[in-house]
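Given below, in the form of structure tokens, are the structures.
Below are two complexes that have chain A in common, paired first with chain B and then with chain C.
Our next item is the complex of A and B:
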């Protein structure tokens, strides 16, 4: 299946659409913050830069995943260019998966460059503190465990890309964006859904809430930013299971998106 | 007109309009005064609501609230307003620590900001204890929080029994340093004693996690030194009185009697004040060591 050419064309299109300009903004925010925070944070500079770097990676990533993801299939159909692609030996599911892989590659490059930039800024800041101050930090400035947070952020973004792509196979970009952001927000309230009986006593409602807990994407479980920044251990088993969960969920969404797109009347 | 010239003209017009807007703003501010920001308004007071709204960005939001708390405290501390208060400090710290329950410094510094007596702090040791108890409840492996609660009881409330109890609790947390147990014992045996206070601040100085805490501990130790020196100078003046039937008129008189060496200076470098009537010795009103702590029972 010609997945690679489709994926590379999506990646090239991202470059052409200047998606990577967000890296420049990220770098400016990080460098500016590293120069300014020292005056106002009472010695919490490194923690704040870590928080800022991880939050910005997540935030920029989610905007790319949603706003590029919702247009991936819709734009092809709207421009009628989908006929050109499908006239070649390309099956519809391959088009969906190829598009997904292309955007995933864009996000991988984006998150990797952001991780490198954050480490570079932290390395610079690390030099400015005496050993006695560094000893008092919850975690070292160049803590390799930060990579765990980056990997799980990437997993979150890949899940949201799959969600956006799924909606884009049958809905307009506007509605797809609303649905995807809706699921993004709901994905952070999973704990409430699981413990709904503490709010409502009606059993059927509790069951529905419990079912939604298992069906909706559980994004909160992929968020370990706080633990990593505070030097708390994150078990390898937990990370592996979370990544496996994300992978299964993505495959399920891509399967559903492929099925819908395969049955869609493109005339 | 060529396209290039028309673009240049358009650019100049836009720049002119922007300059006019700036000029009008300056003029309005000069005539009617510049608008004042809302007085440290907290739009959302509920930590739980804030936590839910934060989604996965609670860490960075906690940092923003921490920066607000530091600026709020600093701004109020430096303010010349005699009616200043620190009413928003606890809500800001409460939101910060709810958004990031592991924000160690927010509990520890926050407790100092809250417990310091007015006008240097909020004068709310009860709130400082609330904050630290919350920290200990959420992080039962941190011995620092019960230790800091003991510290607030000791230094601000001068409730030495409660202080000893919390130092003891801190010493029971795995990983607590050996001297916490000593502190509990010393406080139980001789709480309020200046030697015990010195030990407390010395430990604080040696374990300071930041420049601010280090400076604060240094200043407290200087205050204790000043109290020792005042005791010695008062004793010297009493010696003078026993010899001459009256208190000394000046430091020179005491120096001539061989009871002091020159004009004594406090640890901040300002001369002590001698009262010829009562024989009392005090800090200069300009000394940064004012006010000295009360309730210390001597060396």
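Our next item is the complex of A and C:
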């Protein structure tokens, strides 16, 4: 299968396009914030740093997922480099999936480095405060539960990558960006659609809302940032179910993207 | 067994945004190419050559008809292990070097590491790319990209190679290089199918050609059968003749072209006796530079065929 070389080529391209420079900015934000928090709140809480770190991971990640994702297939077609790839023994779905895996690898590396950076800053803060202060925190500074939040953020990003890639197989980067960001925002308010009958009683409207609920990415359910930061437990069953949901969503989107791309005239 | 076979291959492109009208880019093309042939695919701009090649690579799907390569349908991915393709004005990735590109494509063919490196090096030598091979492809000139394109088309030692205007963008040395390359491929038994506007190349390389115009096949066959090989006249170049002496040569000249001061190209009819004309020129103080028989060239034939096609089809209509 040519999946691996295609994925690695996407990864190499993101390295050469300096995608990972965002990590520098992330580190600067974290360090600056930790210094600020240390001075203003007298180390009351590490919550702010955790909040900020997780939110920034999400935000930086979504920009990479969308702006790299919408170009993945589009650029190959637009610049006609796809003619060369597809005249090799590469099926069109393999190109789509390989590209997806490549960007996923980029995001995995990006999120992992961010997680490490956040833990490093938290470790530094942790040893700067006396035991009495630490006792007052909702959760320990080096809370392993943070990893759950990171994993679910990564799952969200991988869902959005699939969305961006899906659009990129047939529409221009501009439109794809609009659609993808639209879905990202809608995905956070998705839960409201499920119980739409409590707001509107018109049947067709309720059906449309229900249909949208299943089509839109249910990102809100993958968002456990505030629970984790406040030291509330997140059930293992919930996490696995959420990951399963993300996986199914991704597989369906990649399937649809492959189908569309496999039938297209590449002219 | 055919290396390439198409039957009534047809492609309509949809034009227009709201009301799509079909536009026939290729109309019922039926063609067979035997293994080991060098086949020239000729035609004026917009004839449908690139469209045909894209159909053969399954980059676009036919409206009707079918196409096979090495007796397998073009949709069969496995057959792509045994073919190579140079697209028209090839384009690759900005961030890779030529070397990296070839190694990447080598991986897509499943070649092992050592073979990838070796073939990449050999092919880049063969197409005449030196130290530039370590430069990112975005810094390449058109002709350099064309050379990379040729190299990547040969990476898997293909049995059938499809080249869409292989000479385009190349300098005279590059064109000679491509000619030699095609001849070497032929000697190895590779089938070469190439489109071109440069008819002298087709004439020098091809065993058979097809001429396409307006999406339709106007002529195909062996060059020797297509071209009339009897002498149509003679081209005599003389030097050192004065203008007066030229008029003294007498009647019977079809055309006289002045090349330089005292140097003329004289076109003689087919039934002329060239030795007599040469004698007459020397007698008048001239010196014979060259004498060549005029035969119909592929270019004459092409112009005649394509011109006839244009007269047959109404202006503005494509079908």
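Note that the second predicted complex is superposed on the first by the 260 of 267 C-alpha atoms of A that agree within 3 Å, B and C clash if a C-alpha of one lies under 4 Å from a C-alpha of the other, contacts with A are read in each partner's own complex, and residues count from 1 in each chain.
In this section, a residue touches a chain if its C-beta (ideal position, glycine included) is under 8 Å from a C-beta of that chain, and two chains touch if they have at least 3 such contacts.
Fair warning: this is a prediction, and the values are worked out from it, not measured in the lab.
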| item | value |
| --- | --- |
| Clash-or-fit label for the pair chain B, chain C on chain A | fit |
| Chain B versus chain C as contact partner of A:189, first or second or both or neither | first |
| Chain A-centred angle between chain C and chain B, computed on Cα centres after superposition, in steps of 10 ° | 150 |
| Touching partner for A:16 - first (chain B), second (chain C), both, neither | second |
| Which of chain B and chain C A:265 touches, first, second, both or neither | second |
| Partner chain(s) touched by A:2 [first = chain B, second = chain C, both, neither] | second |
| Smallest distance from any CA atom of chain C to any CA atom of chain B, in Å, after fitting | 21 |
| Those residues of chain A which chain B touches in one complex and chain C touches in the other | none |
| Touch list for chain C against partner chain A, complex | 13, 54, 57-61, 77-78, 80-81, 83-85, 87, 89-93, 95, 104-105, 107-110, 149, 152, 156 |
| For the chain B and chain A complex, residues of the former touching the latter | 52, 55-60, 62-63, 66-67, 70-71, 100, 102, 104-105, 109, 209-212 |
| Interfacial residue positions of chain A with respect to chain B in the complex | 37, 40-44, 47-48, 51-52, 54-55, 58-59, 133, 136, 138, 156, 184-185, 188-189, 219-220, 223, 225-226, 229-230, 232 |
| Sites on chain A touched by chain C in the complex | 2, 4-6, 9, 12-13, 16-17, 79-91, 263, 265-267 |
